[in-house]
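Per-chain numbering from 1; labels A, B, C, D, E, F, G and H assigned in written order.
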Amino acid sequence: MDIRELLVKVKNNEISIDEAQKALKKLPYEDMGFAKIDHHRKERQGHSEVIYCEGKSREHLREIFKALIKENKRVLGTRADEEQYLYVKEHIPEVVYDRSARLIKYIGEDIAQIGNIAVCAAGTADIPVAEEAAQTAEFFGSRVTRVYDIGIAGIHRLFANIDIINKASCIIAVAGMEGALPGIIAGLTDKPVIAVPTSVGYGSNFGGLSALLTMLNSCANGVTVVNIDNGYGAAYTADVINKLINEKGKC
Amino acid sequence: MDIRELLVKVKNNEISIDEAQKALKKLPYEDMGFAKIDHHRKERQGHSEVIYCEGKSREHLREIFKALIKENKRVLGTRADEEQYLYVKEHIPEVVYDRSARLIKYIGEDIAQIGNIAVCAAGTADIPVAEEAAQTAEFFGSRVTRVYDIGIAGIHRLFANIDIINKASCIIAVAGMEGALPGIIAGLTDKPVIAVPTSVGYGSNFGGLSALLTMLNSCANGVTVVNIDNGYGAAYTADVINKLINEKGKC
Amino acid sequence: MDIRELLVKVKNNEISIDEAQKALKKLPYEDMGFAKIDHHRKERQGHSEVIYCEGKSREHLREIFKALIKENKRVLGTRADEEQYLYVKEHIPEVVYDRSARLIKYIGEDIAQIGNIAVCAAGTADIPVAEEAAQTAEFFGSRVTRVYDIGIAGIHRLFANIDIINKASCIIAVAGMEGALPGIIAGLTDKPVIAVPTSVGYGSNFGGLSALLTMLNSCANGVTVVNIDNGYGAAYTADVINKLINEKGKC
Amino acid sequence: MDIRELLVKVKNNEISIDEAQKALKKLPYEDMGFAKIDHHRKERQGHSEVIYCEGKSREHLREIFKALIKENKRVLGTRADEEQYLYVKEHIPEVVYDRSARLIKYIGEDIAQIGNIAVCAAGTADIPVAEEAAQTAEFFGSRVTRVYDIGIAGIHRLFANIDIINKASCIIAVAGMEGALPGIIAGLTDKPVIAVPTSVGYGSNFGGLSALLTMLNSCANGVTVVNIDNGYGAAYTADVINKLINEKGKC
Amino acid sequence: MDIRELLVKVKNNEISIDEAQKALKKLPYEDMGFAKIDHHRKERQGHSEVIYCEGKSREHLREIFKALIKENKRVLGTRADEEQYLYVKEHIPEVVYDRSARLIKYIGEDIAQIGNIAVCAAGTADIPVAEEAAQTAEFFGSRVTRVYDIGIAGIHRLFANIDIINKASCIIAVAGMEGALPGIIAGLTDKPVIAVPTSVGYGSNFGGLSALLTMLNSCANGVTVVNIDNGYGAAYTADVINKLINEKGKC
Amino acid sequence: MDIRELLVKVKNNEISIDEAQKALKKLPYEDMGFAKIDHHRKERQGHSEVIYCEGKSREHLREIFKALIKENKRVLGTRADEEQYLYVKEHIPEVVYDRSARLIKYIGEDIAQIGNIAVCAAGTADIPVAEEAAQTAEFFGSRVTRVYDIGIAGIHRLFANIDIINKASCIIAVAGMEGALPGIIAGLTDKPVIAVPTSVGYGSNFGGLSALLTMLNSCANGVTVVNIDNGYGAAYTADVINKLINEKGKC
Amino acid sequence: MDIRELLVKVKNNEISIDEAQKALKKLPYEDMGFAKIDHHRKERQGHSEVIYCEGKSREHLREIFKALIKENKRVLGTRADEEQYLYVKEHIPEVVYDRSARLIKYIGEDIAQIGNIAVCAAGTADIPVAEEAAQTAEFFGSRVTRVYDIGIAGIHRLFANIDIINKASCIIAVAGMEGALPGIIAGLTDKPVIAVPTSVGYGSNFGGLSALLTMLNSCANGVTVVNIDNGYGAAYTADVINKLINEKGKC
Amino acid sequence: MDIRELLVKVKNNEISIDEAQKALKKLPYEDMGFAKIDHHRKERQGHSEVIYCEGKSREHLREIFKALIKENKRVLGTRADEEQYLYVKEHIPEVVYDRSARLIKYIGEDIAQIGNIAVCAAGTADIPVAEEAAQTAEFFGSRVTRVYDIGIAGIHRLFANIDIINKASCIIAVAGMEGALPGIIAGLTDKPVIAVPTSVGYGSNFGGLSALLTMLNSCANGVTVVNIDNGYGAAYTADVINKLINEKGKC
């Protein structure tokens, strides 16, 4: 918002006061009543708005998809169930769905994948959350290296893969149960580690709380944490870091 | 309690009915009013009663020490503060104290140390709890190998010591913060691992809860857990296991 | 991994540098992409890998079973539901299933059962967890004595069975609701007691939390604890202890 | 409040309307500004108001004691620290103090002790709470039988005393750590058991929460529970029950 | 268990040593393998064993009912669902069921109802728990007065019924949401109040925790608390108290 | 309740003593056995009783609706599911239902809408709770301004609407996930803000606990909070405030 | 911020573009480095900034007081300890302190007190929080009626004062322990009730959590809640409501 | 560890088998008994080991400082209290201390500061944690921009500084109480935001839990979280990211 330019135009009578006032106040979103689509988010944050599908009615969902597709070549919906997908697909046949990652994707144009994000998962039951992270990062345009089933019950599997992991610009480490994986990776790398606790486990796991606390209390340096099962959130930040490192002139 | 023998004696008039009745009901403890000293615990469980000092008045503590010393050659008091120790020492000069482990010991006779228990600590701040465990096990007559400061921030320190740890009959693993150490050791050994969470840490550690949950949720096999900071309890069980393995005819 | 032998061979040109390098780095697991089967776990820990079935897709489950059966005569899957079992059975007809314990077993050869583990349950509703423990221990080759429905509401039932319990090398005590059973057994025995809290109960039981806290806070000596409903974990450790005591030359 | 009698008097002009209106609205308490002394509580509930001292300024405390002593022969203050006691004693020299139970008592007349309440404590560290219960019940006029240090680590000590306990009209069972005592007593008696969890313990005891949950989840019948460390509350209810049973014409 | 009598018989050769030994050790329960029926509970505690149905297989349930009916004229099962009931009824046609209270009852003989227990419920949604309490008390032989929907949103409804409530020997007060009812009743009565928190509510109610904490922290005297939704437990204790007060020679 | 007038009538023989006694004691509710309808609530609190439908049997619900409709022109039922609605409609065809807000409404007469309450929602998934609030306030006779989807991920959407929000007498702010919206609005307004946390979210949201704590800890002034998902409760208080401000002579 | 006026001035050359740009961006606060004093808060929210003293260094506190006094006639500091007060007084001798309410006040001019806020406290130990509320409201210019010690243990004390409470425009209800008072008042009034839980109590009170949950779950209508011990926050909102009702032209 | 090179040397007899074996096994740490100094951490992770001082004895602390200073030009100790500092300074006079940040620093050589990390704090009471972060980042060689007291109670203060914040490569956002700041910044930037909850606040803040949950549940993208009060951990990760972006050839 270039205020000076606007003021100069007012002074020079190149723009009316009404227009200037409107410009200074103008709403950078589209008001749909039940939703206000934030079309300027891409300018502000680097990514266009992503749709959190859970809990939204399928009619709302369809309209939000339509509004975003009008303005964007690529649109992503997270935490979508199959029923939501089928309804949206009926009206927007181009969308595709990944059942494991629960993502609905509209890919109107391909983009290059740059840099390298390592997505690590402790066990096979953590793969859905890891895939949400991996596919989100790929959707945003980051290259992804998957390293799955390297949990601490057989720690040599991690050691055999540590060189591959260390090649990435940023590491996402997904783990349920005791959640020790991110801390151990952090002790073996000089890259930022984004830890994702999962709700995999039972008993005193308390829906992922155990893994979350483990990760927050890690005595290894370089670990930051996102919410339980939040593969999307980890991918968002990893993509930001990966691009800042690998795109020229970003910083 | 050999009931048959008693009945035979009754039948044979070798014992009066009054005596027999008393014997069948007799109390295997010493009633001090405020405390009932359980002198038969050694027969029943293999160790004489140990005194949990915290919260006891110093006068009660002194009397309980005296009562136990009368019947035992070795007496142990746990979670004792210095003031309690000094008061007891005034009346029982033979007792000794370890400030870090917070143990008061009365050693009336030396005993052999058998077998081998490995006591591992993740960080230097976990040493007081580790020492409570190590010295308790030694008091009971187990040999102890200490391996300290091998937490996951520098996991090669653990790998350099894993052979020493694997030589033990039973492993005690003490850790605060994220508490990942016991699970990692368990993945590398074929011995039972007793995990002791400590209250070392801050923030969402919640007084050791984080480490406790980590240990309970370990995906590695062979880990059992005791209460937060309960080095004594870990040593008790480790000593039982160590002796069952290394003493002939125990089982 | 005998490093010295390898180095001698290098020196003596009995092995190429390439081969030596590969050997030093070689991966003791089978990489299936979605899973990395840890075939060396038996050497390292004494038991081959057990499959935690919950949350795994049935196709993954089938492949993991196949990979393990290729290398092992006996394979165990825990927390399997009936649907998983039926799918696996379609492809591997030899597997059998126990609905109460939720175990899938592939028994390619019989093994001797040695020693003695007592599995105690407080109430009849705790039997599924107790059976998971008992059958796991039997699968690993430990002899098991079952003692069920001896909870504290009628404590004489425990006393009538205490001699049988005390004959075991190791005791597993399973209890829900208030979870007092393991502590009471511990006060009456000189064997290690592994406590398993169950989620049986309601209200302020909070899914087994009440029983878990009771067991962690037991004032009786000799109790260690595993996660809520984790009969498998208790059996694993009990089997390790039972074999260390009863197999010659284990320690 | 006999409304009919009042209305008859109004009708018969034996009382003015103003007086009747006042009588119908009159306040059965003494308003001291910072406190409203409830002098009618004895009529309504059977006991005069007891002073909860914690958190009250010493000046307020003194005035409340004075107001209650004016109307009652016996006054009790709970959870008083020594400083509060010394200040009150300065102004009301007749008061006495029990440091362990933290009670201030003004005994203007002796009363008979009737019936029998058994106050049981699991460990010696639970004695302060048990004494708060025992002395409160005695203050209210119930006879008390104390049975201390009968916790489950040496359960034979409980069995040796169960006949004494069963003679009471009502049982108060005080326990910290795992808090199993009340449930075990309940399984052996036909009298109501009031359970008092104490904050004695450490680690996952969480200030008495562990014992509280144990008691609420007891699978034995006949247990009701009061707040952590609330010996007073247990004694109040036990005294009510004891008197209903042992005083003629109470019900 | 009259030990003296037995010893005299041994001495007088009226009984063999084998028989005496067996008598001293004899098991006062019936061992069904999966369950140990405690037939002596009536002597010990005054009520025969009640069946907690939740989580029991229907076959186990049927056998336990049969075993108890063999020895008792009246048998009660709690927390039974309709399916369990229908299966049991197929085999024991005399049983009846109350859907709201979830009780299965076998009434082989009628018994007199004595004394008076007031069962109060704050809202209509608390009625199932209140009915579990009321019908259990009636099953045991206590007379019950029901007072429902007197919660604090319209507190005059409580005041209009307080005289009826005060006529009881013991009061059960059932409430969900904020759970204030028992404390308010306690402030208006001289009878013991047993508080039952229910899981009725939502949001920060946390499954009844809110009501439970309210009741434990009541500043009114004379309240004791049972587990969330535990109408049965409240009735058990209320019945014990009611009978101690109203049956001659009970204490 | 004008006591004086009554007493004068007694004195003047205009009313019998029996009638006066009854009047002084008369019950301002209708006793239906399972429920006590509080018909005087409108006098006392300004609104007639609203029916909380959750957990009520459909027969009870129907009878309560009938009893309230007999005495009121407008009746509201909250948290009703569709099945409850359909059953009530069968017997009372005039009722209408809003599926999103889960409200059953009987509108026997229209009322004016006065003042202005702003109902703000952070995301589209919070709309059901916001609608419960908005429609409840409208039912009570307050005018409502809806401002939805103004959460902090695109905070300019809030700023663009702040002037509209500031025109209200009272603001209801509904938010799930992190729940920051009410605090931010409070920092930008001089009107009272009633915060409603919703259970929208996942992971460490813990069913709305995260949003609830955020709102309680807001460092902005002027925020008060209601229970999680309690749109009705927020509307009730907002309506009270709105009317006190906008109706003459209310205070 | 009147944008239009500014633009007209630019157009008319009454103001330079630099000045206009600065005005559009100008910071409505005073930057002190460690703090940014928000001098425009009075315009925006109706009250000038209040200083939360806890945790601030005394030097910072002094400077913030000075900065606010420069611009305001009345300045308030909350949660101040005596040491902070004494240091501030040394430099600003006009400030006064209330030890119970922990408030530092600078009163440079008197203001009229309007309307009426009732501040109710359940027990005498709740008075410090109640006084923080009462004195804050008076500082802001609201008239306050104090009604203390009307908790539910003697509920007639509340009924005797309900008419006085009902005269207020807004009610603040302060309670610890079980926290039932606000809900009971709400059931008897047609005014908004702001509930303040206090940390008064012990055991399962958990620092005020019990009272907080009670208040959030109140089944009575018209209750909103602030944070534990937050008398200030309650007073802020009560003052806003009181003034909206009693000041002409506010809405 | 270049295995190939080593093997070649063995083959070429340039190194003995003993030496090779030792090299392959050699310990990259210094064993001090109570501690194992990880001198290779710099190679592995990019930073030398930092000393967590809390809970360490002053003698241990001194020795660890000495050992690290021997190998490093710059050494940092965190969470040190003044007493620890004074003792260390006695033996190592070059160390300096920052009381607010609780850091002990040994600066043996100056290093260049590169890039830009913005450290934001919501309130003045959050400054100690913010300073721990800022000074740690500076110690590691990152340039830091401090922006303090921009919490949401006066959100215009944040907007006035958002351009400065957006210039950084990475943003650390520190907040207590409700903890909303990081989410709001994340909605306004395209840089990674590391959120640090602080324990500043009271009541239902629960020692920082409220702020922690807020940050984990942020609906704004790009937020990752560290433990409560863990300014050090945030700085470590921010420094890693800042250097990866601003140092050539790092990735």
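Definition applied: contacts are C-beta pairs under 8 Å (C-beta built on N, C-alpha and C of every residue); 3 or more make two chains touch, one makes a residue touch a chain.
Keep in mind that this is a model prediction, so the values were computed, not measured.
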Exercise for the section: For the Cα fit of chain D against chain G, please give the angle of the superposing rotation, nearest 5 degrees. Expected result: 90
Practice task
Would you identify the chain whose Cα-based centre sits farthest away from the centre of chain E?
Solution key: H
Completion exercise
chain E and chain H have mean C-alpha positions lying a whole-number Å distance apart equal to 59
Completion exercise
So, in whole Å, the Cα centroid of chain B is separated from that of chain C by 25
Practice task
Could you tell me the distance, in whole angstrom, between the mean C-alpha positions of chain C and chain H?
Solution key: 41
Problem - Contacts with two or more other chains, residues of chain B listed in rising order - result: 25, 52, 123, 153-154, 187-188, 203-205, 209, 212, 216-217, 219, 221, 227-228
Problem - Full enumeration of touching chain pairs - result: A-B, A-C, A-F, A-G, A-H, B-C, B-D, B-E, B-H, C-D, C-E, C-H, D-E, D-F, D-G, E-F, E-G, F-G, F-H, G-H
Problem - Sites on chain B touched by chain H in the complex - result: 123-125, 127, 148-150, 153-154, 156-157, 160, 200, 202-205
Exercise for the section: Quick one: which bits of chain G touch chain E in the complex? Just the residue numbers, please. Expected result: 122-123, 151-155, 177-180, 183-184, 187-188, 201, 203-206, 209-211, 213-221
Exercise for the section: Would you pull the chain F residues touching chain G in the complex into a rising list? Expected result: 44-47, 50, 52, 115, 169, 186-192, 194, 212, 216-217, 219, 221-228, 233-234, 236-237, 240-241, 244-246, 250-251
Practice task
State the interface residues of chain H toward chain C in the complex, per the touch definition above.
Solution key: 3-4, 7-8, 10-11, 13, 17, 20-21, 24-25
Completion exercise
chain F residues touching chain E in their complex are 25, 27-29, 33-36, 38, 40-41, 49, 52, 54-56, 60, 64, 79, 197, 199, 207-209, 212, 227-230
